[in-house]
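Please read the structure below before turning to the comments.
Letters A, B, C and D mark the chains in the order given here, with residues in each chain numbered from 1 onward.
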Amino acid sequence: MIFDPNVILKHLPEIIQGTGVTLALWIAGMAFGIALGFLVATTRRYGGKATNVVLAIPVEILRGTPFLVQIFLVYYGGPFAGLSLGPIPCGLICLTVYSAAYYSEVFRAGFAAVPHGHVEAAECLGLSRVQIIRRILLPEMALIVLPPSVNLAVILLKESAVLSIITVPELTTTISAIGSQEYAFLEAIFLLAVIYWAIVEASAKLGRIAEARLSTFRFSAP
Amino acid sequence: MTLPAINVKKLVKRFGTATVLQDIDLEVPEGKVSCLIGPSGSGKSTLLRCMAFLEESSEGMITVNGEALGFFENARGERERLPAAQIRAVRSQIGMVFQQFNLWPHMTALGNVSEALKTVHKVPKTEAEDRAMAQLKKVGLENRANHYPSQLSGGQQQRVAIARALTLSPKIMLFDEPTSALDPELTGEVLNVMRDLAAEGMTMVVVSHEIGFAATVGNQISFLDQGRLLFTGAPADVFAKPRHPRLEQFLDTYLDRGASMLV
Amino acid sequence: MKKTTFLKAALGAAMLFSASLSAHAEDVLAKVKAAGTLKVGTETAFAPFDYIDAGEHAGLNVDLFAEIGKELGVKIEWVALPWEGVLPGLEAGKFDVVAGPATITKARLERYRFTVPIAEATVAILKKAGAPISKPEDIAGKAVGVGKATAQLAQLTEFSATLPTKVDIREYPAFNDAYADMAAGRIVAVANSLPNIAFVAKQRNGAFEVVLPPFGKKTYFGFIGTKDADHASLVDAIDAALLKMKADGRMAKLQEKWFGQKFDTPDAVKDPAF
Amino acid sequence: MSFKLFFLLLKAAGWTLSISLVSILLGFALAIGLSAVLLSSKRLYRAPAELFISFFRGVPLLVQLLFIYNLLPFIGLNVPSVVAAIIGLTLCTAAYQAENLRGGFESVPRGLIEAADMAGFSVRQIFLRIKVPIAMRLTFPALVNEAIMILKSSSLVSVVGIVEVTKMAQDLASSTYLPIELFSSAALIYLVICWSIALIGRYTERALPGGVK
């Protein structure tokens, strides 16, 4: 059993493509998830008590079940309910909805962490609700939600590997196929670990830079 | 004259490049109440913490009842750190009361007071709790023994903290702004406990903004400003007019004007 | 250029360390007999060889290995993995032999040692009932499912290359997933070995149909062992048990039970057609 | 869907529960050690622990499990499926829990330690009597979250050959063609367990004496 790096070099184009699919799905799923999650969090906060409770149900279900089970339900159960999606759209939708549930909680916590006095001060000055959200809550929230958002992003990247189980042609699928095809199982696992690790470390680093940038806008400790 | 309880000589404390204490010389007389006053940032808390060896001084010496605290001067005249066991032994003569009480939140009042007896001094549980109970009684909190800190008011917490320090029978008690984290109506109960303690002849060093307390209970007042000890004396001398201009300014600026009229 | 060399060296060095520790010689048959259990790796989504029937592991493999166990005087311990993990598991020593079964191919013979063939493995098409496929060539341009890392995939890829328009090949972790997707309508056909698809067509009566003739070359299924000397005695013993079962008719009976027919299989495949 | 199928799922949930539980506990024990190393002032000690945490937080659990199952034998550690699954989940959760604990230890208020210092506690006594109990309370909510995460992550251990709830549902779905019913039931089982953990966690947290304000 000798490690053979030639296998990796030979399949470099496919590996790059698989990495591309993973990155694209991850970033798209996260972007849609952040948008949807923000919508959910805002609606829950300002939409009245009933709306809050009704929206809590899907959020809690999504957070209380494994991503894999959600994918299976949509991918294999979907066609029986008239929803026949290909692996990529199915993967993207699942990733979006899953991340939206978690991001909505991050934003909800962010809203809650802004001192109520700041909102009251804005109300007294006659700012409208939308103005308060845009001018007061969002800027204050940005720094609060950044670290958990970066953590969540890393978790989502790792969850995206699960999409290989429904044959989405992403990184894990691609590399394990190469591994079987070339009987280079160990090389494949090794390479997979290294690539994911590199992406995670890079994004964590980016997150720290963003955090440092953002915190310079904060004038004083509360 | 007897040996001072605490003797501070040529003490210097630096944080990085900032010098927060400069050439402090101070004798804390035994059985008396010494008060350290001064504006925020004058270094009075740092000085008190150096006396407890919670801060390590940069230069100079402190002795407690004649024994070196933390550092000693070796044969070649160099400052050298004492071994940890020796530091603990000297420090055992000192009790400390903090501004933020610092009660251990996972223990009841009784637990807080008896913990060190049980853990450090290996006193059997029942005896430790009896002794702790006696101290709680002294600060008037025997009926709060089984309450957790979060269930007590600030004043009660501070009284428990005093009881905690007293159970170890210290010879000297240090108070680091013991009432400044309290609501005004709760400071009285703590000051009363401190007054009782002073009446018993406990050696006390108090950092406080309670000028009234310093003036009435204190035997010695030291005024610090910008890291320097400007003067030390009896309250009557210190507060007598004409006052030192910095003290006058301090009394005017940091206290409401009524207080400066009082003293 | 220098960069590649460095990359190779670095990766190689990292793995060499682990490789150097793995060499240890021990006769596997003796070990199995001493332990009293034969560990068999497989995937449980390959009906009728290995599948889950109402929560129970069932199939030809289960019956065959029960007999092999009797012959060797050991109990059988099953380890079920996704197919992609089965051969790596064998190489990592997670089990002594792989049931599967796997198609005996040239490429695999280079790396593994196969037992006596247990069934025919020639690949054919299973289509969704009513799909416009009447002969194998009709799958040109259509979406066809197949298992990942299988010989069936390799044969389908080869067949696809001979067609005027290529087949839209979809790879699945297990053939079961491919059948499920065909039922869901995402693909119109699945390429798998005849015994498998005949069984599935019968199970899902009417929903799926077998398209004859098979497009693949004539191939056979066997169980898989490793080629190293330690495992030789074990695979020999399994071969002997299988040959004994062929001779006394037990094999034919089990084939009848699971396929509704018996296969005329050779005693060994030295030079596979594929 | 018949009761029998649901019963089979419940039976498989036994694996889900037991593997998760063992991993959480082992992970916690490992995390205490790791966090102690992380708090060390010596960079040389911290570095390997940081590398460990970075790896197990940076690589998908699916890949970690394959790594452990297929790579350990080459260093002479051929462990059966259950052990591989537990090792995988344990190492993964230990990495996360160690970070939590480190944060917890770092947020034990300085004054509480000074108070113990003044009372003559040794370093060891301060650690055991003050730091550990307070850090535990501070990190308890994170521990409950982590338990839920691991329970959900255990859905992946079928790649090393464990038939837990998700795999059982998948197996049953492929022979009964009832994917909606089976996967919904599996989801329900996870929900009930997760919500129970959350509930017990909240109850326990409230019962813990005096949190740090």
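Just a few scattered comments:
Going forward, a residue touches a chain if its C-beta (ideal position, glycine included) is under 8 Å from a C-beta of that chain, and two chains touch if they have at least 3 such contacts.
Here the structure is a predicted model, which is why all the values come from computation and not from measurement.
Steps from chain B to chain C, taking the shortest chain of touch contacts, total 2. Nearest to the global CA centroid, when each chain is reduced to the mean of its CA atoms, is chain D. For the pair chain C and chain D, the distance between C-alpha centroids works out to 36 Å. Annotation: 21 Å between the Cα-based centres of chain A and chain D.
With each centre defined as the average position of its C-alpha atoms, the distance from chain A to chain B rounds to 53 Å. Listed for chain A are residues 1, 76, 80, 185-186, 190, each touching two or more other chains. Contacts with at least two other chains are made by residues 19, 22, 88, 91-92, 177, 180, 183 of chain C. Contacts with at least two other chains are made by no residue of chain B. Working note: touching chain pairs come out as A-C, A-D, B-D, C-D.
Those residues of chain D lying in contact with chain C across their complex are 4-5, 8, 66, 69-71, 73-76, 78, 80-81, 158-161, 163, 168, 171-177, 179. By the touch rule above, chain A contacts chain D in their complex via residues 1, 60-61, 63-70, 72-73, 76-77, 80-81, 154, 157-162, 164, 172, 185-186, 189-190, 192-193, 196-197, 200-201. The part of chain C that touches chain A in the complex is made up of residues 4, 7-8, 11-12, 14-16, 19, 22, 84, 87-88, 91-92, 111, 148-149, 170-173, 177, 180, 183-186.
The part of chain B that touches chain D in the complex is made up of residues 52, 54, 88, 91-92, 94-96, 98, 100, 102-108, 115-116, 119-121, 148-151, 161, 164-165, 168.
Against chain C, the residues of chain A that register as touching in their complex are 1-6, 8-9, 76, 78-80, 84, 86, 165, 167, 176-177, 179-181, 183, 185-187, 190.
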